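One chain, chain A, appears in both complexes that follow, with chain B as partner in the first and chain C in the second.
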Partner chain A sequence: MLTRFLLLGLDKKAGVLLAVLALLAVAVPVMALGTAPDSPWHLSTHSVALMGKYLCFALLALALDLVWGYVGILSLGHAAFFTLGGYAMGMYLMRQIGPRGVYGNPILPDFMVFLNWKELPWYWHGFDQFWFAAVMVMLVPGALAFAFGWFAFRSRVTGVYLSIITQALTFALMLAFFRNDMGFGGNNGLTDFKEILGFDIQAPATRVGLFVATVVALAIGYILASSIVASKLGKVLVAVRDAESRVRFLGYETERYKLFAWTLSACMAGVAGALYVPQVGIINPSEFSPASSIEAVIWVAVGGRGTLAGAIIGAVLVNFGKSYFTAALPELWLFALGGLFVLVTLFLPKGILGLAAQLRQRLPSRGAVAAKPAGQKGV
Partner chain B sequence: MSAEDTLLYLDGVSVSFDGFRALNSLSLLIEPGEMRAIIGPNGAGKTTMMDVITGKTRPDTGTILFEGKTDLTAMREAGIANLGIGRKFQRPTVFENHTVWDNLELALKAPRRPLKTLTYAVGRDDRLRIEEILDITRLSPKRERQAGSLSHGEKQWLEIGMLLAQDPKLLLVDEPVAGMTDAETEQTARLLKDIAGKHSVIVVEHDMVFVRELGVKVTVLHEGSVLAEGSLDAVSANQQVIDVYLGR
Partner chain C sequence: MHRALCWLLAAFLALAAPAAFAADLEPLVRGLGAGNYADTEKALAKLAETGDPAAVPVIEALQAGDLYVRKPDGAVVVAKRSGNGYALTDPVTGAPIGEADRNAVEKIKVNNALRRTMSAALGALTLMSPNAGVRWQAAEAVFKSRDANALEALDAALAKETDEGVKRAMTQARASVVLGSSAPDGDKLAAVEVLKDRGDQDALALLNGAAGNGSEAVKAAAGKAVAAVESRLALWGAAQNLWYGLSLGSVLLLAAIGLAVTFGVMGVINMAHGEMVMIGAYATFLVQEGFRAWAPGLFDFSILVALPVAFLVSGAVGVVIERSVIRWLYGRPLETLLATWGLSLALQQAVRSLFGPTNREVGAPSWMSGAFQLGGLTITYGRLWIVVFAFLVFGALLVALRRTWFGLSIRAVTQNRNMASAMGIRTARVDALTFGLGSGIAGLAGVALSQIDNVSPNLGQGYIIDSFMVVVFGGVGNLWGTLVGALALGSVNKFLEPYAGAVLGKILVLIFIILFIQRRPRGLFALKGRAVEA
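Moving on, here comes the complex of A and B:
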C-alpha cells in the first residue's frame, strides 16, 4: 500500500526533477573530492556549501508551497519553523564542541559561561545525543505549528488575518531569541561549531556529506509532498483552498485537513533549517525576521505556486541571483527582489512553471497537461 | 404528529440579521421519505432556512431536530453533513479546479478523516457508483473536464450528482433548475422524483411548471414564516398567497 501511495505522485515532471537530484548527488561528490583543485571540473568547498544552502531553501519553499499552493494558507512566518529546526541542530552542534570552547567548559557552551550560568538549562539536556536532536528538529516546529494551527483553524481565521498572525509569530520568536536570558546565545546565536557525528565540520568530505544529505532530504520531501497532493487527501486540500465552506457541507472537517498539511509542512521546514545550520556554520535570531519568510513566499511565486517542482526551481534561481547580486551590486538586491516579485505577479501569475506549461500548450505536437492553477476562494 | 416520527422538525426558528428578521418563528415538519416543495417570493427566507438546517447560520431561537432526536442547532457543518443531510446551493458551487470525476469522488460516501482519505483508492464499487451517477447526470463524456469549464446547467447537474454520491437521508435542493432549458427542467423533475421515496427531499424553486411537475405538498414561505401549506392548486387558490405574489 505504501508503494502504491508513493508511486501515486510520480509523473514525468517528478521523474525529471528526481533525476536531476540524483545526478547532483553523484556529480558533486566526484567533482569536489575526486578532482584536482586546479582542474576546471573542480568544485570548491565554498561552492558545495553554497549549493547545499540553496537546496535547504528549496526544501523550505517546498514546505511553503504545500500549504500555500495547495491549501491556500499564505504563511508569512515559515522561516520560524525553519529557524527552530536550525536551533535544534545548532544546540546539538554546540554540545559537540565540548571542552574545545574558549572557556574550556566541558558541558556549558561559551555564551553560558560568559553569562555566569552554573548549570545547563533543562531544555538543553539531551541535545548531546544526535538522535534526540534529530527528533527535536521536527518535533519542536511540528508541535508549535500544531498548537498554532489548532487555535487558528478552529476559530476559522483565514486569509489576510491568518497571514498576519503567522508574521506576528515569527516576529515574536525573533524578539524572544534576541534575549540573552532565553539561553540560546542572544543576538550572536549559536556558532563556532567543530564536529558533527564525530566528523570535522570544516572538512571537504563532511561538506560533501552534508550536501548529499540535503539532496536526499529534498528528494524525500518532494516524493512525500507529490504523493500527498496526488492522493484523495490532496484533492480535499485543493477543494479547501478553492471553496472551504463547500467542503464542510460534504462532511469533511476542514480544520483537520489544514492542521495535517500545516504541521507536516512545519516539520519539513524544520528539517531544512537543521541541514542549513551545519553548512553555513551559524544560526542566529535574524533568521526569524519577517523578511526571511517573505523571501520564501517570493521564491514560490517565482517558481510557480501550487506546482511543488516550481517552488524548488524558484528557490534555487532566486537565491542564485541573490548571491550574484549581493556580490556585484549589494545595495540593489532588495530592489531587484521587490521588482522581481512585482513582475512575476503581474506577468507570470503561475510562475516559471506556469509559463513553461503555457508555452508547451502553444506547441500542438506535445500534449502536455497544464499545471493546475491556484484558484480563488469561493462560496 | 410528534417530533419522534419526523425526519426533520423545525419549531419556532427565528434568525435576525442586524435586526432584520429573515426567519420569523418558522415551523416545519418533514416525514421520512417525503418530498416537499418550498416556494415564496424573493427574500422570503428559503435559503436562510437551509442555512440554519445545515449549520451555516445559527438560529437565535427555536428547535431543529433531525430524526426526532439530534439537535442540529448545537452542531457544526461537517457533523450535520455526516448525519446524512446533503445540500445543493442556489448558486451552483462545485470545485472548479477539479475534474467532474474528482468532484464526484470527493462527494462520494466514504470515510471523511484525513488518514482515511490519504490512503484511499477508488475500489470497484466506488467506480461503478461514480459511473452510474455520470450516466444519470449525462456528464459521462465530460468526466475529465475541469468543473470550472462546465456550463451553468451542467454545474447544476454536477452538484445534483454530488448530492447523489453523498447518499444523504435528507436532500436540501435550492433552485435546481435555474438556468436550465425546459427539457432539462423536466429531466431534473424526473430525477428528483426518482430520488424521493428512498430519501427525503426539500426543494426550493420559483419555477411553477417545475413545482407542478413534482406534484408534491407545497409550503409557501413569506417574511420568514409559513404562509400556507397544501397541494399546489390549493395554495394557488389561497387569497393570502395571491396577495403576496401580486403585491410584489
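Moving on, here comes the complex of A and C:
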C-alpha cells in the first residue's frame, strides 16, 4: 500500500533525477576519500561542503515548490522554517561541545557563560540527545507552520496578503533571535561546533557522511513530494490552487488540504536547515531575513514552478552562480540576481523546465508572457 | 552732543572697570596663599564680598586644585602641568606668565570646610552676575547641590532679582535648600508648595525625601505634593509618548502613502517602493551638494528645492519601471512581487556602485534644527516639520485624487477599465502616471527621511515591511485607512516601548498585525460588496 503510494509519482523524469542523486551519493565519497589529494579526480572537503550546501537549498526549494507550485501559497517566510530547523540542530551541536568551549563549562554554551547565565534555560533541555534534536528539527517548524496556517487558512487569508504576513512572521522571528536574552546566542548565533554523533565535524569523512545524508534526505523528500502530487490528494491541491472557491463548493474542506501541504513543507524545510548547519558550521539570525526567503522563491521560479525537479535544478544553478559571482564579480551579483527576478517573471514564467518542454513541443514562440488586462485584483 | 559724550564716557568706564577691579582683587587673591586654612577662608570671604565676577575664575581654579603659590615672590598663580614643569597663568586676567619648575610652586591646600565656603562664595558671585543666563544656572546649581551655605546669598539675590524666570528658579532653589535644612515647619510647607509647582523629576525626588522624615505636617503635605507631581508627570509622559507616536506615525504615513497609491489604488505589489524612498533621499543629497558648491548662502532653501527634484526623479524612475516591467504583469500579483523585488536589489546595488556603501551626509536647514519646550514636552523642529509635511502630502494627495481630472481618470480606470477606455481615457498612460505618482510621493518621503535617518543604499529596506503593514492594516484601497493605520501603529509602537523595549515592542506589533489580518483579512476599513472580489 505504502510502496504503491510512493511509486505513484515515479515517472521518467523522476527516474533520471533519482539516478543522478544516486550517482552523487556514490561518486562523491569515492572522489573525496578514495583518491590522492593531487589527483585530478580529487574533491576537496571544501567542495564537498559546498555541494552539500547546494543540496540543502535544493531541499528547501523543493519544500517551497510543494506549496507554491501545487497549492498556490507563495511563502515569503520559508527561510523561517529552514532556520528554526537549523537552530534545533545547532542547539544539539552546542551541547556536544561540552567542556571544550572557551570557558570550559560542561553544561552552558560559551555565550551563556559570557552573558553570566547561571543555568540552562528550560527550552535547552533535551538537546544533548540526538534523537530529541532530530524530532525537534521537524516538530518546531511543523508546529509553527501548523499554528500559523490554522489561523491563516481558516480566516481565508490568501494570495498577496498571505505572502506579506509570512514575510512579517520571518521578520519578527529575526528581530526576536537577534536579542541576547532570547537565549539563542544573539546576533552571533550558534557556532564553533566540535562533533556530531561523536564524529569530528571538521573531518573529511564526516563531511562526506553529511553530504550523503543530505542526498538521501533530498531523495526521500523528492519521492514523497512527487507521490503526493501524483495522488488524488495532489489533484485536490492543484484544484485548490486553480479555483479554491469551486473546490470548496464541491464539498472539500480546502483548509485541511492546504494545512497538510503547508505543514509538511515546513517540516521538509526544517530538515534542510538541520542538514545545512553542520556543513556550514554556523547558524545566526540573519538567515531569518526576508531577503533569504525571497531568494528561495527565485530558485523555484528559475527552475520551474510546479515541477519539483525544477526547484532542485534552480536551487543548485542559482547558488552555483552566486558562489561564482560573489567571488569573481561581487559588484555584479545583486544586478545578476535582480535581473534574474525580472527576466524569469517576464520571459520564463515556467522556468527552465517549462522552457525545455515548450521547445520540445515546438510551440510557435509567441512569447511566454500573456499580458492580461491591468487592474484585475484577483489573486 | 552732550548725550553722545555721556555714552562715550560710559563705554570708557565699562572698558576700564575690569582693570580697576583687577587691581583691587590682587591683594585679596594674594591672601589666598597666605598660609593656613583660616587665612585662606578669610581671604575667600573677602573675595566673595567684592561681588566681582572676575573673582569667579580664581575660585573655580582653587576648586579644581589648579591654584598654586609661586615660592620666590609669594604670588598666587594658576599652574597647569606642561612637560616637566608647570605653565603659569594669572588667575584674574588669565594671561600667561611664563613657566616654573616643579619645586618652585606649591599647591594651595583645601579642606572640606573650605570647599563649602568656596561653593557658597561661587554661588553668591554667580547669583549676582549681570548675565541672567548665568544667574539662572547658578540658581539651578544651588537647587541641585542643596547647599545651606548658599541660602544667605540666595536671599540677597532674590531681593534684587527682576527677571521672572530667574526669580522662579531662585525661589525653587531656596525651597530645595529649606526643605533639606532644619527650618521651621511653616517655611518647609511653603517650600513643598513651591516644589509642587515645579513638578519635574528633580522636585519629585526632593519631595519624596521630605515625605520620609520631618514633622507630621510636613510629611503629610509632601506626600500630597508627591501624588500631585506624580500624576502630572504621568500625564506629561503620556503626552510625550503620544507625540513620539504621532512623530513615528507620520514617518510611517510618509513611507506608506505612496504605497497606498501603487498597492492600494492600482493593486500593484511594489517591493521596490523602499528604493523609491531611497532615491528621493539621494536626490536630496545631490541637491544639497549643488547648493554647497554654488550657493552656500542659500543652503536653508535646499530642502525646498529638493522636494520637486526628488518627486520628479523618483516619479520618472517609477514611470520607467511601470512601462518596462510592471505593465506586463498586471493581474499576476505574485509575479509582480518577485519582479519588483528583483528591481529593488538592482536599484540598491546601482546606488551602492554610484555613491558607495557608506552613509551620505545630508544637512538640516537652520529652521529645522533645534527644539522648544511645550509644558513638559520637548519638541524638536525637525520632527514637527515632518509631522506637518506628512499631513500636507496626505491632504494634497487626497485633493489630487478627488478634485482633479487626473484623479478622476485614476479612479475611473481602477473601477472599470473597459468603460474608462470607451470614454476616451488612455488607460495605459493613466497606469504609468499613477505609478509615477506613487513613486514620486515615495521620493518626497525620501526628502523627509533623509533628515532623520542615515542616507545609505539600505535606507528603503527598513521601511518596506512597515509600509506594507500600514497599508494592509488600514485596508487596501483606502487612503483614510492608511492614515489611521500609520498613526495607530506609530502610537502603539511608542506606547509599548517603555514596557517592552524597542525590539520586543516591534515584534509585538508585528504579531498583533499578523493576528489582526487573520480576523479581518481585508484590513481596518475594508471595501464592502462586490468591489471586494473585482
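One rule holds for everything that comes next: the second predicted complex is superposed on the first by the 362 of 379 C-alpha atoms of A that agree within 3 Å, B and C clash if a C-alpha of one lies under 4 Å from a C-alpha of the other, contacts with A are read in each partner's own complex, and residues count from 1 in each chain.
The rule we apply is simple: contacts are C-beta pairs under 8 Å (C-beta built on N, C-alpha and C of every residue); 3 or more make two chains touch, one makes a residue touch a chain.
All values reported here derive from a predicted model rather than from experimental measurement.
Q: Taking chain A as the common reference, can chain B and chain C both be placed on it without clashing, or not? Answer clash or fit.
A: fit
Q: Contact-wise, after the overlay, does A:Val157 reach chain B, chain C, both or neither (first, second, both, neither)?
A: Once the two structures are laid over each other on A, A:Val157 reaches chain C alone.
Q: Kindly classify A:Ala205 by the partners it touches after superposition: chain B alone (first), chain C alone (second), both, or neither?
A: neither
Q: Would you sort A:Val30 into first (chain B), second (chain C), both or neither based on which partner it touches?
A: neither
Q: Considering only touches as defined above, state whether A:Lys232 meets chain B (first), chain C (second), both or neither.
A: After superposing on A, A:Lys232 lies in contact with chain B but is clear of chain C.
Q: Contacts for A:Leu197 in the overlay, against chain B (first) and chain C (second): which applies, first, second, both or neither?
A: Touch status of A:Leu197: no partner.
Q: Quick check for you: in the superposed arrangement, does A:Tyr257 touch first (chain B), second (chain C), both or neither?
A: A:Tyr257: touches chain B, not chain C.
Q: After the superposition on A, what does A:Ile165 contact: first (chain B), second (chain C), both or neither?
A: Second partner only, chain C.
Q: Decide which partner touches more residues of chain A, taking chain B and chain C as the two options.
A: Comparing chain B with chain C, the partner touching more chain A residues is C.
Q: Could you read off the angle at the CA centre of chain A, spanning the centres of chain B and chain C, to the nearest 10°?
A: About 100 degrees, rounded to the nearest 10.
Q: Please give the nearest C-alpha separation between chain B and chain C in the three-chain superposition, to the whole Å.
A: In the combined three-chain model, chain B comes within 5 Å of chain C at the C-alpha level.
Q: Using the superposition on chain A as set up above, list the residues of chain A that contact both chain B and chain C.
A: 372-373, 375, 378-379.
Q: Please output the residues of chain B touching chain A within their complex, sorted ascending.
A: It is residues 54, 56, 76-78, 81-82, 86-87, 89, 93, 95-98, 102, 105-107, 112-114, 117-121, 148, 162, 166 of chain B that touch chain A.
Q: Taking the complex as given, what residues does chain C use to touch chain A?
A: Chain C residues touching chain A: 266-267, 269, 325, 327-339, 341-350, 353, 413-414, 417-418, 427, 431, 465, 468-469, 472, 503-504, 506-507, 510-511, 513-515, 517-519, 521, 533-534.
Q: For chain A, which residues are in contact with chain B within the complex?
A: 1, 4-5, 228, 231-233, 235-236, 238-239, 242-243, 245-254, 256-257, 260, 372-373, 375, 378-379
Q: Along chain A, where are the residues that touch chain C in the complex?
A: 74, 76, 148, 151-152, 154-161, 163-165, 167-169, 171-172, 175-176, 178-179, 290, 294, 297-298, 301, 331, 333-335, 337-342, 344-346, 349, 369, 371-379
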